[in-house]
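Same chain, two partners: chain A is paired with chain B first, then with chain C.
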Partner chain A sequence: MSMQTNVRVPKGIDDGPAASARIVKGIVLLLCCTVVIVPFIGVISTSIASQQHVTNSGGFVLWPDGLNLDAYKSIFNGGVVQRALVVSFVITLGGTLISLAGSTMLAYALSRPGSFGQRPMLMIVLFSILFSPGLIPNYLVVKEFGLLDSLLALILPTAINGFNVIVLRSFFMSIPDSVLDSARCDGAGDFRIFWSIVLPLSRAVLAVVGLFYAVGYWNAFFNAMLYISDTAKWPLQLVLRTYVINNTELSSGDLGGAAADQLPPQESIQMAILVVSLVPILIVYPFLQRHFSKGMLTGAVKG
Partner chain B sequence: MALPGLTLMLAFHYLPLFGNLIAFQEYLPFVPLGRSAWVGLENFSVIFNGDQEFLNALKNTLLITLVQVLFVFPAPIALALLLNSLLSERIKRVVQSVLYLPHFLSWVIVIAIFQQILGGSGLINNFLREHGMSTIDFLGNPDGFIALLTSQVIWKDTGWGTILFLAALTQIDPGLYEAARVDGASRWRQLWHVTVPGIRGLIILLLILRLGDSLTVGFEQIILQQNLVGRPASEVLDTYVYNNGVLAGQWGVSAAVGLVKGLVGVALVIGANKVAHIFGEAGVYRKS
Partner chain C sequence: MISRRRLLGGSLAAAAGAGALSGCATVTRSTDIAALNKPVALPTYKRFDGPKPDLPRSHPLMPDCFYKFPAHPVKVTDGPPADGSDISGSVPTSNPIPPSADRNPYWQELNHRLGSKLDLTITAATDYVNKFATAVAGDTLGDLFNVDGAFAYLPQFLEARAQDLTEYLSGDAILEYPFLANLSAESWRGCVFSGGIRAVPIQRGVMSSNLLLARQDILDQLGVELGSPTVDELMKVAKAVTDGKKNRWAFALPPTAALSAMFGLPNGWEVRDGKLVNSRELPEHKQMIAVTRQMVLNGVIHPDGVAKNNQKVWFSQGSAVMTQDSYSSIQSFYRRAVSKDFSIGLPVVRDSDGKVGRFLLGSPNNSIAAIKPSSPERTKMLLRVLNWFAAPFGTEEYLFRKFGLPGRHYTLNGTDPQLTKDGSSEVCLGEFPIQYLADGGYPVYFPGHPEGVDVAYNHLKTILPTAVLPPTYGLYSPTQSTKGKILDTRMDSITKDIQLGRADLASWDDAVANWRKSGGDAIRSEYEQALAIQGRK
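This part shows the complex of A and B:
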């Protein structure tokens, strides 16, 4: 394609690059995508490949020889993984609800300039973004509250994220005062206005912030390592670390008492755990992707 | 209405600040918080007297920051320029969808995935074995640890990092390209004289902010892989605090190190913002 034939200039610097440049770009991007995608395919393949195939290929299969769900059956047999999955779901759902409730109410209070204590509260939220109190003091506070070995220790300390509060606040500020005033004239109280008018108007931003909180809870691992010593309360990420990264062998007892000689290869079980922890992220990813740049830019511009 | 959220924030973000008091105490976990003996600045002696372990952690932290500024920081810029130069919106969107994904995975998952590729029985070493070559110890080699960390950060966050740059690139006036073309500028010269100046402000801003964060390097990422390479090669300030405090029970000393790290960190961030203002860009926080 010659450069002269391009009359309408597309946006950006392109006016029809030379063929060689296009090929180089294509190869580079293809390489980038391959490097990201191939590991996922390998992980899924290893989790569903047959025992013999896994053993023959040294523990990691790039493309499965068939569909063998033994590894999944073994982890959903009432053992350690299934329990951790339940814990992770409880933390993620409960945590996201608590986070959203606390953050939206706080953000709403901050979004009305001139309301009681608005400026000092805003300062408190803004400064919280700038520093973190440090690991040891955090640990001491959780311990003094008696939250060690409680699932609340995985929720409350990270429940209110200052950045998310600011994102919500800047959205709430864009709701015109007149809307709220007219509701007030009709006799609605603050909570009524918040619940029946502000929240329904903010569905999109609530979805984005909620998903970010949810992904955060699902992915959190270190707080669990720090605060939870009772293995029955371990979330999935900690199970993943113990049995996959640190390669601790999963005994039949860990897997709900299946006969040891019938267990699928460890590699397959490990990859099945990995897939199980990936799936929720993959499910919400399309929603995240549709909204995140919007949400992130709002926060960055209006903060 | 602000009460629940504000209470949580005060309890878990501001109350812990008082916990830093144990940096000045001989703290023992079984003695009530208020009753430990005060020891003044004794716990800070590891910093002032240059304790070997502490200095090593500081050195590793700064070295990792340096390497990551050199290799991690430019990666999303290059990728954003590449994506921006694509003609097809559809290809661009597909590539973005793929490359943004790793950002949302936890470090536990990312490292587990890396083990499957680079580990002793991972993809690459299996390949080498099959072809009669000697295997490479990617994960347990202390000398290669920083390279390993860096490649993981690049894999996880390069795609995501392009978002801000892509947004900035759309703000560049297309008329400038038109004018440059009329003046006969080649595509490379357009890149150099129009595109790069268009995002220079953002690059400088983000670079300053990254430097403000110099003392914080991938804590979760490192703690997960530390037992493979050993502490000398992998200890950074944050892991030093965890290993010596929570694990080894030197609460006072590690709280002192954490406190100093935090104070220097905040000073650096605020300083970075000031510098960013001088360069005429909006910082991360403004007196709203």
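This part shows the complex of A and C:
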């Protein structure tokens, strides 16, 4: 004889939300994703759509009728966009290296109690987070240093970011003193400790801060607009702003003489520039994502 | 190297804007309306005896109309105008920024013809305001600079940072610069500040006035007759041509220029019974807003037409059958056209009585340009350069300035120059930004489109007898200069809210009352004083 008992297992915290709640959640997430993804699809579709389709769609194509790469061929024909892409890469790579070098050294010095001028320096860094000098003083400094029309004008004024220095400092402070002391016992000097012990232990936070800096340099246009007169030194984002946001007309000559007089539709070229400006960040991001939570949390929650 | 004192001094002066200038003993105080608006003898107008226009000038404001570029452009200057010293300058541009001089054969030839190296800082027009403010602070505007007309305390700024040109240009003195003398007195009136001529005009005349443009090819294709509409007729046509499923709307934006003419609104301000009245205060203005609101409700305005600024593209592509733009924009529409049948119509709008609606003229000047304070010799040299930049249509100098070198920058289609792809880039689509330092009068000339000239001429001929300039043109109100932009933005914002149905029409009355209290009445009072000082009231 068997006895059947209906044992009602109480719902535990690990069982997750009920099915209905999951469905609602799924729908909400799907809607959010759609809101984000649809414009992306539109941008890509417009960049590869034909003249006729762009015209019929009122300038914004949601799904292309075919693959038309004329806009990309135009912008990679040696004109202003291609040149700007090279400038942006140089600024982003050069700037990120300079920023990381400066910020890590400053943060390390600030993380070691007893460093020369540690407290006043820390105050200056914190002050720079709270108060910005403003447009015109920045311009005067750049001008007086003779940096107008120089790519360094796009790097040096933003090379050290107070927030990033604080994140790095917090991370460095979490490295046990015993590790550094033992290195010192082995005869390592400050720079050796910094280079051989601290930096290798800080890959996660370096990846995060490096990405912050890189994205900042990649997206910056305002300083270029103020400091750079020579269009050959324009970064991609300023080109993007001029031709996409300000709707300035592009001529075939600007695009390196693409396809003689007949250019692809202006909207396709604008959207192609937009896609080109997005791709590098989209490529880099997944490789650094695994460092993100660790880097951010470690640096952020320890004071 | 930068010194602390210099940095602080410059920063403070800049941070305070020209407010610091107004506090300076050498410039006029901002409360001294009489001194700020003191009149001066304007330069003598002497029409340059150039090529004869193809169509008769039916009205003093009628620009010269040409179907074709003259076959044999005459060289009208002798030798280079400059003295070999470097000349620097700051200019905006609405076109792609051209390659720098070392990579630009047009610019190199320009330097050769000028006889001096011209070093220009070129900025996109939309960013020029920011760049101008920093350049003022850093004193990097150069010898010649286009002036940001919205700069606060403009007269004081020009007193402090621009050469007073009165002794060089007032009265007959200007005849030494014949192409500058070819610019109208109305244009020069916009260059007078604090009793002195402190700039030269970038004259556009009536060409900068806004009007209703229609895609005649689409109207013909749909079999819709626009004619010379009243408000009701325009509404009917709008409904007839709108088809959302085909991505086609009647208007690219609310057609306020046409509606203002239909309702007989003043051009900003109007003198009534000796008092200034602003358009916003009139019931007709509210009616106009109500009509645009109805247009949005009817779905005849492009869905993004109120919020976004992409009208040129929509009109060129046919997403909008009508738009609002200037006469001078017509050439850019021909350039952008994607349909081979593209044709433009300019409807003459009528008021409720069936009479031609009162046409509201735009500013006679696109902008003004000034010269840095210099020695008399250098000032004269810079004026000769500006005079060269103003050589009128049909001259060899004009042909080079706008189209560059034959072969490399343009080829001839009949006698009409057509830009090559190098020309488009290096000559900046025929609008190299020296045109924002000085320019000749703007003709009605659309290379390759003589039919456009007829359309524009016929429209001008009909509307010019009704045309009005704002009575406040050429006057200075300190409150308008410092608060006007904020007040206008607020009023534009409430207008959009009403048009989009986010606010009731009744909220317009509160907005107007608030505008009056926040500065509108002060502006009125200052303009009235200025009008009285100039004896124009």
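In this text, the second predicted complex is superposed on the first by the 247 of 303 C-alpha atoms of A that agree within 3 Å, B and C clash if a C-alpha of one lies under 4 Å from a C-alpha of the other, contacts with A are read in each partner's own complex, and residues count from 1 in each chain.
Heads up, the rule we're going with is that a residue touches a chain if its C-beta (ideal position, glycine included) is under 8 Å from a C-beta of that chain, and two chains touch if they have at least 3 such contacts.
On a predicted model such as this, the values are computed, not experimentally measured, just so you know.
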Looking at A:51, would you say it contacts chain B, chain C, both, or neither? Reply first, second, both or neither. second
Tell me the contact category for A:266 with respect to chain B and chain C: first, second, both or neither. second
Figure out whether A:139 sits in contact with chain B (first) or chain C (second), or with both, or with neither. both
Of the two partner chains, chain B (first) and chain C (second), which one does A:207 touch, if any: first, second, both, or neither? neither
For A:230, select first, second, both or neither according to whether it touches chain B, chain C, the two together, or no partner. second
Examine A:121 and indicate which partner it touches, taking first as chain B and second as chain C; both and neither are also allowed. first
The answer to whether chain B or chain C touches more of chain A is B
What is the contact status of A:175 with respect to chain B (first) and chain C (second): first, second, both, or neither? neither
Which superposed partner A:32 touches (first chain B, second chain C, both, neither): first
Between chain B and chain C, whom does A:41 touch in the aligned arrangement: first, second, both, or neither? neither
On chain A, which stretch or stretches are contacted by chain B in one complex as well as by chain C in the other? 57-59, 134-137, 139-141, 144-145, 226, 241, 246, 267
Touching residues of chain B toward chain A in the complex: what are they? 1-6, 8-20, 22, 33, 79, 82-87, 91, 95, 97-102, 104-109, 111-117, 121-123, 126, 129, 155, 159, 163-164, 167, 169-170, 174, 177-178, 181, 187, 190-191, 194-195, 219-220, 223-225, 227, 238, 241-242, 245-246, 251, 254-255, 258-259, 261-262, 265-266, 269-270, 284-286, 288
Touching chain B in the complex: which residues of chain A? 9-17, 21, 25, 28-29, 32-33, 35-37, 39-40, 42-43, 46, 57-60, 62, 101-103, 105-110, 117, 121-122, 124-126, 128-141, 144-145, 156-160, 162, 165, 190-191, 194, 215, 218-222, 226, 237, 240-241, 244-246, 267, 270-271, 274, 277-278, 281, 285, 288-289, 292-293, 296-297, 300, 303
Complex contact set, residues of chain A against chain C: 51, 54-59, 80, 134-137, 139-141, 143-145, 148, 225-226, 229-232, 241-243, 246-254, 257, 260-261, 265-267
Listed in rising order, the residues of chain C that touch chain A in the complex are 1-2, 6-7, 10-11, 14-15, 94-100, 103, 121-127, 130-131, 133-134, 137-138, 140, 247, 302, 309-310, 312-314, 317-319, 332, 335-336, 338, 421-426, 429
